[in-house]
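Next come two complexes, and both contain chain A; in the first it sits with chain B, in the second with chain C.
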Partner chain A sequence: MTRYVIRRILIAVPVLLGITVLSYLCMRLAPGSPIDLLVDPNATAAEIERQRHLLGLDQPVVIQYFKWLGQLLHGELGYSMRSSKPVINLILARIGPTALLAGTSLVIAYVVGIPLGVLSATRAYTLWDYGSMTLAFLAAAIPNFFLGLVAIYVFSVKLKMLPLGGMYDPGTRPGVLALTTHLIMPALVLAGAQLGALIRQVRSAVLETLNEDYVRTARAKGVAEQKVLYKHALRNALVPIITLFGLSLPFLVGGSVVTEQVFSWPGLGTFMIQSIGSRDYPAIMGVTVLIAIAVLIGNLLTDLAYGLADPRIRYE
Partner chain B sequence: MSNRSRGFSKRLRMAAVTALAGVALAACSGASGGAPGDAAAVGNPGKPVTIAMWSPWDTMQPYNTGGVYDSVVYEQILDRLVYLDSKSEFKPRLASKWEVSEDHKTFTFHLNEKAKWTDGQPLTADDVLFTAQIVTNPETQAKSRSMFRYLTGTDDSGVAKDPNALGVKAVDAHTVQFSTKNPMDETSFLYSFALAFYTFPKHVLGGVAPAELHKNDYWHKMTPGSGPYKWVSSVDGQMVELEANPDYFLGAPSIPKLAVRVIPQANLTAGLMSGDIDVLVGFGMGEVPLEDWPTIQQQPNLTAISTPTWIFQVMNVNTAQPYLKDPRIRQAISMAVDRNVMVDQLLKGEGVAARGPFPPSHPYFNKNLPAVPHDLEKAKQLLKDAGWDPNRELVMVTPSGNQVRERSATLMQQDLQKVGVKVKIQLVDYPTSQTMQKKGEYDLGLVGQTGSLDPDAVSPYLMPGSPSNYTKLADQRIGDLLTKGRSEFVQEKRQPFYDQLQTALQDQVPVVYLYHPNSLLAINKRMKDVPVGDFMWYNYGTWMWKVSN
Partner chain C sequence: MSSAAVAPAPQIGRERTYLQDVLRRFFRHKLAIIGLLILLIEIGLVIFAGQIAHHDPFATDPTAFGARPGPAHLLGADSLGRDVFARLLYGGRISLAVGLVSTAVGLVIGVPLGLVAGFRGGVVDQLIMRAADVFMAFPSIILILMLVAVIGPSIWSVMGVIGLLGWPFFARLIRGNVLSLREREFVQGARALGARDLHIMVRHILPNSLAPILVAATFRISQSMLLEASLSFLGMGVQPPQASWGNMLYDAQSITTLATRPWMWMPAGVAIILSVLSINFVGDGIRDALDPKMKM
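Presenting the complex of A and B:
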């Protein structure tokens, strides 16, 4: 097991390297340049060249990549071209809010989604099933931004119950109550986006295992239905659910761009969009590396969790 | 069966409890990880006045920013030499008065003697001199220092090799003199230099190496400042909170707390209606979306203000393309465009059709300049005479983000179709559009430009050979007119050149001038004495604002 983990981590290093090469290339191949956006229209050709030099953009892209990589190996992500601040500070300031929002929404989605999916499967083709399937389809079909805007209109503008956006209001200090009221709308909207896929995934997984021979055997032995469901069916249905969960881990870091934008949430999603919009290369790469690491860790944890859920899966 | 369902509902209840616990837990950890301060939520004693814009600031260093959003914040904390109001009149800010020498080459500013930094140090001519020297240093990263090119001792980029040769002199503790290379019109110097000149604290930044200035911590907190408000805290990219500077030399602000918030365009209307936003900055930086304008006008808590601006939306024509070289073709394109439909339908009347770069309310507007006729027959004739190939398809590069502009592209596509010019719209993000137009990889390109009180501000876009001249037109006459207009320093003498320029632009059409949109602003009715019109020059005059609860 330990050897397996070490091997996976060792494999992750070249994978991460490959990701950085590809994303650096893609980013630089995209049209648009930070210089065209940053330098004022009166600047002469000489001044534009000087600023390019100061930002290191006058060197060949390959050299720029290796310089960036060298920095990364020293644990540095460089300075943002847009704001001249260290990228690491900009990311650290935003990772908390993003993890809080995405984490809360994940918890909500799973706590609501798994029971509804199970209910749907055990009562297949009843009103319960149709009800939760309708909810699932609605959740999957309504675009996030639309749901967000409707929620803002109803709860902030009309009912004046919840704040419009941000993490806290100007003039107040962050506190649990203030934070919770700011979190409710974006977290629910974001949870809604995940709920659709989750309910359907759980339903089909449970439905499938309920038709397995061992479930029939268990029932034939006279095992209580509760036990059949939780000991036999649900445990076996866990593998696809774990996969889904593993896939959503990077989401904790990458956040939801749209939801963060709509609710002015000071997270990484908004930051990524702003960075791309200004072709802020160091900032884009910083967030990319972070998400890549999250994906790799997410995959590893998922594989390990398979073993826990299903003892037949062993890693040596 | 009933047993099973009871078990289930119990589990569901459990699930709900866990969910709530999860939220609360997450909330706790988030709060402790956030800014220090009271753990408990405080009520809302003296709700701050909130200013909203739709994009975040970047560096906060006035001479090293690529955008204008920073100025909404730093204009509260630092002081510019002068203030410009909506009637195009300059008023004192850091400078109480100023004079121009006979030869129009020396500009003397007398600083307000009461000016001081919030740490108690006086703000003197030394601070002004220091600021000019460090910003013009070749080592300094300052993307927008071209305004210094007017001063002696600098090159065309505003860089001074020798700080002692720079045309800035501290005459005494409260008097500064700027020397310019060429005689300058007072309005132009005040607008292009003094209005944009912000002073840094020498006693804080004096020891900083120029190459390190942009990384300095000062730009994260901007303390001490000298302006009407002091930095309190910020959530990067989202909000800056400010508090009044009771010792401000132009008078203590009456509003104790101010917040500048970044709110996405789609939520500005909701924010205004809910009372979360008190003041919009307007002028292309935070406006009511046109489709929400009627709603905003009906709100009992809001004052809706539509202000004419000098912003102009244009369509660049790439004259380097062989098939767009003939001015008759460009004239035909300009003539085919129906600007009135644009203003009436797209802008719902909130704007005016453009005749050239200067709107009718601009002091340098050519009063005899005719409107560009919308004449399809004449356009067809011009195209025929110039031998236009009706099978050719032009690429219209359109930056996304401005809905009215995106729709105007479709409208123009239809207009041009009518005269036999096929157009393909290429919708790209803003950085891509900028680079494509700069490199000349386009036929027609849409872009917006901010207006200026100084007519010379149009020259980088039109001067032959300038990096910002995306049209690539190297018309000697236009170049001469721009140079002559710049070298005169009295409006009566400059006017003829700019009059001719506007006519020449209608003749050559390197740029199809489309419309000047109004700025659609709204402010909460609890606000008073907010000089909304002055916002056009990024002056907010916050120390004059009043609020009633």
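Presenting the complex of A and C:
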């Protein structure tokens, strides 16, 4: 087990490096530079050159990449070119809201999705099944941001029940109640984005295990149907559900970028879009590394969860 | 050496061909038929957009800034006085084209890479699959945002970039197929007859992988359309004055438009949902028709 984890981490290192190279290249090939926003448009060429030199932008891109990488190995993410603050502080300020939003939506999606999927499978081809499959198809077809816009239109504009966006109302004291009312819509919208694939996956996984011999055996020996379902069928359906969870992590992060934008949620997603807009290289790279590490750790945990779900799976 | 002629299968009564079988199963799938009908209508509408819409989708009409839906403008006009209905039809062209072209780009890159990775194995396989990991471990919308920033937002960059990011899905799928087909008798047989690798890949393995490729491609089309919409909504996709369903929703970022002029953004959103639903239904139908046991 420990050896397995170590080996997986060693494999993750080149993937992580690959992601940083890819994003560094993309970013640096992009037209425009952080200088455009930092210096006065009437600045002389010499002044611009001086600024470029100060930020180290006059060196070859490859050298800059390795300098950045060296910094990273020392645990340094550098300073934002836009605000001159340490990138790590900027990220730390944004990470809480994103974790809250993504985490809440994940819980909602699984709390709603798993029972609906199970219901759909145990009562296949009934009204329950058609109902939850309709929901699944719709959830997969609605663009995340459009659902957000409609939600704002209905609940904020027409019914005036919920705030338009942000995390707290400006000028008021942050409180749990305000936070909850601001969180409901974005969390539900982001949960909706995950629901489609989840319901379908749970349904097909449970349908499949319900046909297995051990389920028939359990029923034949008189085990109560509830117990057959939860102890025999659902337990064995866990593996494909865990797979889906691992695969959907990048989608969750990507979805929160768009959702945060719609609801002006002050998280990493809005920070990333601002940083890309102003070509704030250290900030972009900081968020990129963080997201990549989070996704890779998520994948590792997913693979370890297989062992919990199915003791037959061994890690060498 | 030319490929051996296939002996005609012995006829027993009036048997259905494989294609007839597939079509029969497809047309039994009610949702797939509905999806197909909606798509055909949609394609007809966007092809004949010029004949159907009475307005120029790019002409700004100062007398119609934000006009409500009515006889002059069927679905109203946008904040620059452009006819929403006309833009919806012309935007549909772009959105559907982005879906198709970017999926094609993904196929063109992903299929050969997957074939080679599965067939060659070893270092080549490792390199290609680790590259796929890099692409898949990272939220595609962020990579797309960065890539589009490199090339500059336009419909071509959107098609190219979404296409480029589609390759790992196809490559993985094909590779898995190749691994299971590689050891089958017909491949062994071809090899025993002295067929070269390229011949085996293109003539024996590829045709046998077409069903899952087709199904995956269908779902990728709807995925790409959703990505285009998100990208254009963030202002990094198709640029005005060109219309796409995504950038018609961009205006809704302004709270006044969102709150008081729903006709400007609702239709494009509904069009996206309808198309994605239809494509997914058709994809389901194709999957069930090609192989009732296939799981995806």
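The definition used in the following text is that the second predicted complex is superposed on the first by the 295 of 316 C-alpha atoms of A that agree within 3 Å, B and C clash if a C-alpha of one lies under 4 Å from a C-alpha of the other, contacts with A are read in each partner's own complex, and residues count from 1 in each chain.
Just so we're on the same page, a residue touches a chain if its C-beta (ideal position, glycine included) is under 8 Å from a C-beta of that chain, and two chains touch if they have at least 3 such contacts.
What you see is a predicted model, and the numbers here were worked out from it, not measured in a lab.
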With chain A superposed, do chain B and chain C clash or fit?
-> clash
Looking at the overlay, what does A:Pro31 touch: chain B (first), chain C (second), both, or neither?
-> both
A:Val61 contacts which: chain B (first), chain C (second), both, neither?
-> neither
For A:Gly254, is the partner it touches chain B (first), chain C (second), both, or none of the two (neither)?
-> second
Partner chain(s) touched by A:Met272 [first = chain B, second = chain C, both, neither] = second
Scan A:Ile313 for contacts with chain B and chain C and give back first, second, both or neither.
-> neither
Examine A:Ile142 and indicate which partner it touches, taking first as chain B and second as chain C; both and neither are also allowed.
-> second
For A:Asn299, is the partner it touches chain B (first), chain C (second), both, or none of the two (neither)?
-> second
Identify which of chain B and chain C touches the larger number of residues of chain A.
-> B
Touching A:Ser204 in the superposition: chain B (first), chain C (second), both, neither?
-> second
Have a look at where A:Tyr153 lands relative to chain B and chain C in the superposition and call it first, second, both or neither.
-> both
Identified clashing stretch of chain B versus chain C [38-46, 308-316, 326-334 or 344-352] | 344-352
Doubly contacted residues of chain A, that is, touched by chain B and again by chain C = 30-31, 145, 149, 152-153, 157, 164, 261
Residues of chain A that touch chain C when the two form their complex = 14-15, 18-19, 22-23, 26-27, 29-31, 137-138, 140-146, 149-150, 152-153, 157, 164, 204, 250-251, 253-255, 257-258, 261, 272-273, 276, 284, 288, 291-292, 295-296, 299
Parts of chain C lying in touch with chain A, wherever the complex brings them together | 130-131, 133-134, 136-143, 145-147, 149-150, 152, 222, 226, 229-230, 233-234, 249, 252, 255, 258-259, 262, 265, 269, 272-273, 276-277, 280-281, 295
Hey, which residues of chain B end up touching chain A in the complex?
-> 4, 7-8, 11-12, 15-16, 18-19, 22-24, 26-31, 33-35, 37-48, 50, 55-59, 61, 64, 66, 138, 141, 143-144, 146-147, 149, 155-159, 214-215, 219-220, 235-239, 241, 257, 259, 261-264, 266-267, 270-271, 273-274, 276, 428-432, 434-436, 438, 460-461, 467-468
Chain B partner contacts - residues on chain A that touch it in the complex = 30-34, 36-48, 50-51, 54-55, 79, 82-86, 90, 93-94, 96-97, 100, 103-104, 107-108, 111-112, 114-115, 119, 145, 149, 152-153, 156-157, 160, 163-167, 169-180, 183, 187, 225-226, 261-262, 264, 266, 270-271, 274, 277-279
